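In what comes next, chain A is part of two complexes: it sits with chain B in the first one and with chain C in the second one.
Here is the complex of A and B:
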């Protein structure tokens, strides 16, 4: 009996450790383009927030030759399934006249907490095509507003009309299976049910790529993408 | 006296009898044939066919319903019902028993009820007498009645109890019976609910089935009673048919065959049973043109009372259809019939019968296009059409109108005579898209003699225009222009709001900007761009308020484009004899030949040239579109077209051109090939047809034909026409100006998207949307702005040009903007709070919301130009106070896609400690503060802001 319980526990531990998932890296091919410096002199508050030069976030190649800010998500294979909307909100900050994060995913109906950490006027203008657009003025440092998107859309562009260099992208999906590559170029989609999927990687400058994968019970799939010129 | 052969009669009885017999038989046969012919009518065939079709459709519908019925469910219900019936049978005895019991108590119940009623009467009368006597003091009688009353009361009570007992018993029995039947009944109801639609259609189908009775009712001689096949007609009480000496109500019998014209569901049916293609606009009783009020022939024309395909005056859309009809319907053209049906592609010609006084008729694109083309191509410059003025407009032409072509009063300053000669030879060789028609060397003037004479005429025209031209002083571009900047400016500054250029064809109001290097000088173009009215005071080209450098850059760029093929075209040689011959042809038209020769010999070569030039201009009517010296009072040369749509066909000369003899065919041919009716005719040069060739496409010619067909005078009672109220008339006057000045070339307005807006990636840089302008800006500001535009959005590269509008035009436009937004036009100044506390709060909010960050005046350093917003110092003079409040509440609602953000998301404010955090109060305070904001205050706030930021 004891043995049985122990082996059951062991099974549980191993199965949670080896839960179904898709992970991998996005490589960058070719020579990385020279980072494009941003001039924030138009608004002294913005300029004062940075002691070092600031660069555009549209292409960021990590030191290990991988590409940052690639949105990887399950495009096909989850049709007809419904997923609960998470209670916790996504944080979306305007700090040093930059959006943090620059690329982020959210589920349909999930609250997005929009913050202004700067002592200047920002307006956060959503250019959503499938959800209602909004354009909110945020003149007060530290103020927060909550918004959400009502329909899936890859990707919703956000911009600030006061500071034209500011832009960000939000991927809105009806499910929680998405990820954004980090400063090592890694992404990881966890606890996905076994099945056949098409996953897509989206990058604001280099476009999209898709791959078909098959996830078996208890399997961790490795997928890699390669973007570049 | 018996007849005898020998009787001395003037006729033979046998023969008479014989012939009488033959005549009777003949008459009988004729009668039968008459009856048959009267009975056998085209429309009856269609009605029979329609019944068949309807039956098919009903059957289809029925099949579909049956298919959609959940058979499983129905089967289950039926089985349940069977079971219920079986159960019921089991309890049949019980049921019978109950019925019997119910019957058995019927009699006792009735007698109990009667007894109770009886006693009640006695009781009531005793009561009455007792009360009477008692009151009258007749004690004895009263006492007697009281006793009776008491005694009756007891028996009444007993009778009531008995009656109620029996009633209750009957109710119980009824309930028991209902309980027994309940299951059966619910099941039956459920089943019939499922089959209701099915039954309805089955019934309909039943009605549509052929039957002997119907055949009898429709039989000859019997069909006067209630035939199922009947003529359908709509009597239009408000519309008349004019039979020259008498008017009668219009009667349309089209629905006798077009039986489903106003019914949905026959969209794919074969004709004549097809549904009308737009029921929401026509025929439906809730549409603007209900069948019972408007009928059919008001729009389609034709003979509404006729019942045969041919006699209803159906008109085929083309030759192919005509052939089909001949085969299928034994159709032939009704040559003598005036009111023929309009072929379907021209039906919109009828809209103008009732819709007058509007620039565009709603939902009538073809007639609108036709009228617009007629204005743009300058049809009214040669042809009088009442209601349309020569100067590119409609009835309300008014002052400030201009001719379709450029003024030639100062043409010497613009082009040279060689260019003019090449241009007149073939304008389209210089610019394919030009609206200038080809006048010479067309199909009736392409023989050698005509060509020679035309060339002499062209040379004469050019000579005449050069001699009779003034000269304007031209400026040279002081700085050297940069063509690259010029190219960018063409796209950025607003040229594309009227002209095609750079392969962009969103507007073609002005000429396409090509080949200018082969046409004009740098000085002319520079001077023109700086101030078009300097060269031509009447020009529609507005002043774009260009700087010297901008004008120089654009000049440099436009002159780079040359049309070399055009430049290398030879100038035809013209001999003096040719000029003489042409001059003579003009002269002999008005004097004897000998006098003509004398007149001619009195002229020197140059005078002759000028003479033929002037005569040629006169003959071709060039002055209709161009201002030309010496032709200030010349009369239009073309036929008046006011009633062209009803011109007798016999008055149209078809010549030897083989086309159907109909107005539309004649118009179309004339528009496409204006000289073709001269084919095969022998005519001297001066008598040849002279309408020029506009190079119209088939689509354009069809639209213009529609317009020509619409030119009729029709007797439609006033109350049946679409009448405009005063506000609507004012709006139409505005629409006329909006069209004339091409406002929608740049601005989105009145339901039309600004045509240049499609060229912008970032609509923040596009000319502003003017929807809602009447609610937004103050009337006196708008007046001033349109009069002399000033910069509101310094970051916009597009320039609002100055159109030089007259005061009447300005007022009409202001009315138009206001009325579109249901605003009252008011030039009264706005009334705003000046309470010091409110203003202080307003200032604080103004600072905290950082309004100044985007709304700053032009020269401010800082943000990228395209992210700026209008200077708020001018708001008090420009905006309507109530509009500002609505705008601040939610800018996106008033103007989708605006960069102005919402500061009061979902009716909340981020600033809680001002004016109790009440967002509406805050909005009003902001507005009131803005109304006293001065340039200095704005500057002070800006520098305070800047200082705070840099520290």
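Here is the complex of A and C:
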């Protein structure tokens, strides 16, 4: 009985600790720019992979007027704390001659599994400024390789020089408190310790915005950003 | 005098200009790292020619051809050419092309560090101008006893100054291209105006003092026309890369045209300047005789 009570208390404490979080939406202000069509005629395999027009991912305004692919992360407030590097790897695919995902986060030292799902060759070229750059050929479909970044950096640009329309961004952080807006413009940073933070939202075209927030124990706070012209 | 050697040198020089354009296309299309390995391409001699690989691998293939042709030229000149300075120039050309190939490989393996890329770009243009002199050295004109009648001391000075500024412009242009440092545009623009003034000065001087000498008037007019065209291409490059830069998407055809054209015409201006300088030095009635007297220059038929 004593064990059961202790377990219940532990569960309550744990669940309250994990309830802390920051979530919200990134709105787009103004008129959404017309999507820029991509021509993949430079590589017939890429062109054949799409039956419908493909557009640049540099600005994607969702149907509900929110902005996709915004990287939201804790910029300040976690100094001096250390976080374990996740054992699971981040998946980063080259599919249909596009990077999937277009924006993603990873912790320092976390493995990134880079895949080539295409029946054509790619080179995967990291333009990291704080970690060692690399440029690797991935000529075989199904090929996988693992890379990692050794220093925090917002953002590491990835590109394929064979297919110049292909680019992606990886946010590298020393902690796990980051998120990327989805097709509803939502982001969610879970299980963050209570405290005062500066949250930054980064977008490849519209730059960055920051907000200061305070997260109390057991609190889920809402933050919203607005980008646009 | 071997007519085939002369023709071969001219062909090599023309192909080298093609290589300069091909190299420019690699940079303009952002294809410099489309092939991540070197000397092979994706571990093969002939990878699939798709996307950026078309530019990078074509550049490598043309460069290999030029390298091989330069090797052949060096042997040919060593075999048939009596003039020591020509032999040394051909050995110099071979050294340059080998070094240039290694530099190109290093730019790939070290992921395009700006200093290496700038050096690679400048050496390409130097090599082209070097071959122009080699080809001119093979010409009938060089090997004849012809001289021009009027003195060219002032023209020589103009040309040497112009050469210095044109070369500095090439270095600055390469630095802007590979560092994207727009502050360098200011000295580049000032340099362009100086080169324009020098081209005008050379043209006016030649028309005023050597108007009957078509061997000087034609290249002076050509040089001036190139400089004017270069200013227009430079403006186009400025508009497409600074005023309306495109970030992620593939470069537009117009951007590729202006930027590559600007770089390639730069090489042609250097070559035209070097050619005119070489011609003036060769046809100088005073210096020419001195050279012949000292054995540095041997007229055709001399033992």
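The definition used in the following text is that the second predicted complex is superposed on the first by the 212 of 229 C-alpha atoms of A that agree within 3 Å, B and C clash if a C-alpha of one lies under 4 Å from a C-alpha of the other, contacts with A are read in each partner's own complex, and residues count from 1 in each chain.
Operating definition for what follows: contacts are C-beta pairs under 8 Å (C-beta built on N, C-alpha and C of every residue); 3 or more make two chains touch, one makes a residue touch a chain.
These numbers come from a predicted model, not from an experiment.
With chain A as the common reference for superposition, the partners chain B and chain C occupy clashing space. When the two structures are aligned on the shared chain, A:19 is found in touch with neither chain B nor chain C. Of the two partner chains placed by superposition, chain B and chain C are both touched by A:123. In the superposed model, A:223 lies in contact with neither chain B nor chain C. When the shared chain is aligned, chain C comes close enough to touch A:167, but chain B does not. Looking at the shared chain after the overlay, A:90 reaches neither chain B nor chain C.
By the touch criterion defined above, A:32 lies against neither chain B nor chain C after alignment on the C-alpha atoms of chain A. By the document's definition of touching, both partners, chain B and chain C, reach A:42. Contact with chain B, but none with chain C, is seen for A:143 once the two complexes are overlaid on the shared chain.
Overlaying the two complexes on chain A leaves one chain B stretch of 165-173, 255-263 or 507-515 clashing with chain C, which is 507-515.
Overlap of the chain B and chain C contact sets on chain A: residues 42-45, 120-121, 123, 125, 133, 135-137, 139, 161-164. Only residues 764, 848-850, 853-854, 862-864, 866-867, 891-892, 896-903, 905, 910-911, 946, 949-950 of chain B touch chain A when the two sit together in their complex.
Residues of chain A that touch chain B in their complex: 42-45, 48, 119-121, 123-125, 133-140, 143, 145, 161-164. Interface residues of chain C facing chain A in the complex, by the touch rule stated above, are 29-37, 42-43, 47-48, 50-54, 56, 111, 247-251.
Within the complex, the chain A residues that touch chain C are 36, 38-39, 42-46, 56, 58, 120-121, 123, 125, 133, 135-137, 139, 161-165, 167, 204.
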